[in-house]
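The following pair of complexes shares a single chain, chain A, combined with chain B in the former and chain C in the latter.
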Partner chain A sequence: MSYNKPLPKLDPLTTPFWEHARRNILALQTCRACNDAHLPPSPVCPKCLSTDQDWKPASGRGVLEAYAEFHRAYWPGFNDDIPYSSAIVRLEEGPLMATNLVGDTTNARVGKAVEVIFDIVSPELALPKFRLASDD
Partner chain B sequence: MSAAELLRNKVSVVGVGNTAYGNFPEIDEYGLAASAFRNALEDSGLDKQQVDGLLVCRIPSYVRMGEVLGLDPRWTMTLPGHGRMAGMAIIEAAMALVTGQAKYVALMYANIGRSRRVNYGGDEIPSFWDPWGFTSPGGAHAMMFQRHMDMYGTTTRQLAEVSVAFRHHACLNPDAVMKKPITIDDHEAARRIVAPLGLLDYCLINDGAVCIILTTNDRAKDCRKAPVQISGIGARDEYRESNIALYTTDFRYAAVSEVGKSAYEMAGVTTSDIDALMCYDNFSPTVLFTLEGLGFCPRGEAGRFVENGTLKLGGRLPTNTDGGHLSNSYMQGWALNIEAVRQLRGECGKRQVADCDIVQYAQATPCTRSIIYTRA
Partner chain C sequence: MRSVSIIGTGMMRFMKRDTVNMVDFAWPIVKAAIVEAGVDPKSIGAAYCGSAASGSMPGQRVLKRLGLTGIPISNVEGACSSSAIALRHASLAVATGECDVALAFGVDQLNLSGKTLVHGTEDWDFAYGLAMPGLYAMRAQRYMYEYGVTIEQLTKIAVKSKKYGALNPWAHFQQEVTAEQVMNARMVADPFTVLHCCPRSDGASAVVVCASDIAHRYSSKPVKIVSSVQRSGKMMTGFRDMTMPESTQRAARILYEQSGLGPEDIDVCEVHDAFTVNELLYSDALGFSKPGEAVKLLEDGDFDIGGRIPLNITGGLVSRGHPIGPTGIAQVVEMTHQLQGRAGKRQVEGAKLAMTHVTGGGVAGLDHGAVTIHILGV
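On to the complex of A and B.
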């Protein structure tokens, strides 16, 4: 069966994020002038307004900021998944990221260390997701 | 001159009106708003042609609205249908009045989301996070409440106090959509939507409209009813970290604290003077976060603060005495402002707060606002 969950909306700003993800790299748009990292990408650096933006790999580490469980499917593609876990992670580089928590989540708690893994959902799409860090 | 000096006790609400609330597929925004306007005009005793300022919110065209009402105002403003514009609209209209741009401003809000089946998630509000299945305002608030639970030990049974109190008020409000009393156990047993939140933590979606007429205090004394004046205001917008829509890491504590402090100082009151609170309740956790930010309880303790009916009529802080967005009507802050006015006029019948002299409206949203109302 073909993949029927929402696909990334690709545009000149967001395409590099998804191209990196396909190569299993979590990358953040990062300002060459002031080193601020931001997500989603922005036409100028929200901190210093520079247009000189680069993409840099993130550490893939962060802390669990919040989590919740969706019991409603807002897209038909999630009908068979509900209830499914959703999470917000504070990346080490600063930005918040909405994602999914995978693996054993019984010890999930706000503030716990998490690390990225890639869910290869199709040949074209890998989704960066997170699991509780093994050394935490 | 500061906004406080310009606006303190200078502008009053002189007319309020609303439609019935429900499902009205045969009426559009203009029909609903016109009905609310007629009611507010009657309430004020003004003649239609005295209205020379027009503000519309969640109404597609200000031109069509003016055409429908037969108005050629001197001042017009339009605001989008976001759940945070009521406080901004009232403050902007007050500024237009004190600067002489208009003498009587009618503010109108209409919502047809129920009959037109507006969906607050999925493809109707696309975002960068859709591929992960994260969507909806309720999703963001579920995240925040789980964070509050983990950080402070808040429980869903404590959260239930908000929904139970507001439903109790709705049962005393003839206009309210929801009329069946609920208990804490009902709240716990309700279907989960995005856990930890369930159905009774979510606002209603219904059609309806609200109109508020404002004028300067010198003109207000000639209107039909006792004027209710704006004594304090506060404002803070937060856009920098809004990449996850409506999610905020500090429960808007800093913004709400600042806004509350500003409004209290301008009005010359403190939290202990507030006789009733009208608190933006898109989702029940927002009420807990607002109580902490305003300083009604210490940070992290709103769960304990609301236990045992604190927010109910007769409790320590009667809140959303019309039933709020959870049980009266989803008028995105607008109905809460007319309830503030009606409480200060003593018009609320079975849900009237005794000795009601000072009422506060607060919206903890990306555009946080508070307004303190008193009798002129």
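On to the complex of A and C.
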């Protein structure tokens, strides 16, 4: 069956994020002038307004800032996933990322350590998702 | 700047209204506000229409039914804050002396425009199936974790909301519910069952404002716009505290500074409760409680009529409904009636100062797209 969930639209600003993700790397736009790591990407650094921006691999680790189970699908593609989990992950580098928590979520609690995995949804696209860290 | 007062109000029950065109249900509400104000329609110098999902120039489309054309008509889009921003601009037009009388109204028809609750976030979130109820469910989860708030306590907010909605003829949902009914209702996003979420409604709301020094010509009980603050969310691409709505806290600080008032001076308040947990988030952000302590006010009955700060005693968005565009002015109409002593079973005795608070939308990286707060007084 073909993938029928909404897909992120790629533009010049976000393409590097998804190109890294395709290679199973979670990358953050990072300012060469002030070293601020930010998400979502921006044409200028939100801290110092520098346009000199780089992409750096993140550790892929973080903690569950918040976590909630969805019991209603707002897009038909999610009908078969109900209930599915949404999560806000606080990345080690600082930014918060909206994502899904996958795998065994029985022990999921706010504050738990999580690590990134990549859900390959098409030859061009892998969605970074998170699971409870194995060493936690 | 001149002082500005509200002299006329128009309001209707928010509900599913998908069998008539929004223009046809909106113009009588605008007319009602003008008739209540008792102004000659020709004296209205400017009109502002707040709408988020009604296409191009809803203001012109509604006002042509009343022959109110030729004047400057500005259409304001600020998601859920749309009509609150429209009111702010109508007030500014009077305050600056551009005109003596101005009209502000809100209109939207979500059930026909086919929009669900405005998601407003960027497509990254959609890829993860993240809709607005889920984002607020996560805020609730974080708040519960941070401050030890329980599902039973959140449920009390829903019960309170429905209790007051049952007293409000304008409410979409006019039925009391028990805690059991709230807990056993259809789950949307944990911890929210459907009774924690505002319904999708259609409707219109309107007010007429004029310079305070001529307000008594028209109204025996004009309500003054004591203070008005509008802000946008700050882009925050690093860490942010999910339990503290930054833009509301920042706007409130400015509001108190410019009015010389404090949260302890407010007698009754409407906050943007698209979901039950918002009452706690915004009570903290507006300074009615210290961070994390709003639930104490809830438990002590301080958010009820007769309590310290009656909060959303109209039923709020959760019961009155949330048609997006008209929501901000609906809050203002309700609070105007409170201050005029005409709120019926929902009346807070002796209310002199009322606050309305509405945020607007979500843009990825921002706390909220917009926030608008008004203090009204008699």
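What we mean here is this: the second predicted complex is superposed on the first by the 136 of 136 C-alpha atoms of A that agree within 3 Å, B and C clash if a C-alpha of one lies under 4 Å from a C-alpha of the other, contacts with A are read in each partner's own complex, and residues count from 1 in each chain.
Convention: contacts are C-beta pairs under 8 Å (C-beta built on N, C-alpha and C of every residue); 3 or more make two chains touch, one makes a residue touch a chain.
Here the structure is a predicted model, which means the values were calculated and not measured.
Contacts of A:84 after superposition: both chain B and chain C are touched. When the two structures are aligned on the shared chain, A:46 is found in touch with chain B and with chain C. Of the two partner chains, chain B and chain C are each touched by A:99. By the document's definition of touching, of the two partners only chain C reaches A:37; chain B does not.
Judged by the touch definition given at the top, the superposed model places A:57 against neither chain B nor chain C.
Common to the chain B and chain C interfaces on chain A are residues 5-9, 14, 38-40, 46, 65-72, 74-75, 78, 81, 83-84, 86, 88, 90, 95-96, 98-100, 109-111, 127, 129.
Those residues of chain A lying in contact with chain C across their complex are 5-9, 14, 36-40, 42, 46, 65-75, 77-78, 81, 83-84, 86-88, 90, 94-96, 98-100, 109-111, 127, 129. Listing the residues of chain B that touch chain A in their complex gives 119, 121-123, 126, 128-136, 139, 142-144, 146-147, 150-151, 191-197, 240-241, 243-244, 247, 249.
Those residues of chain C whose C-beta lies close enough to touch chain A in the complex are 116, 119, 121-131, 133-135, 137-142, 145, 186-191, 235-240, 242, 364-365. The touching residues of chain A, counted against chain B in their complex, run 5-9, 14, 38-40, 46, 65-72, 74-75, 78, 81, 83-84, 86, 88, 90, 95-96, 98-100, 109-111, 125, 127, 129.
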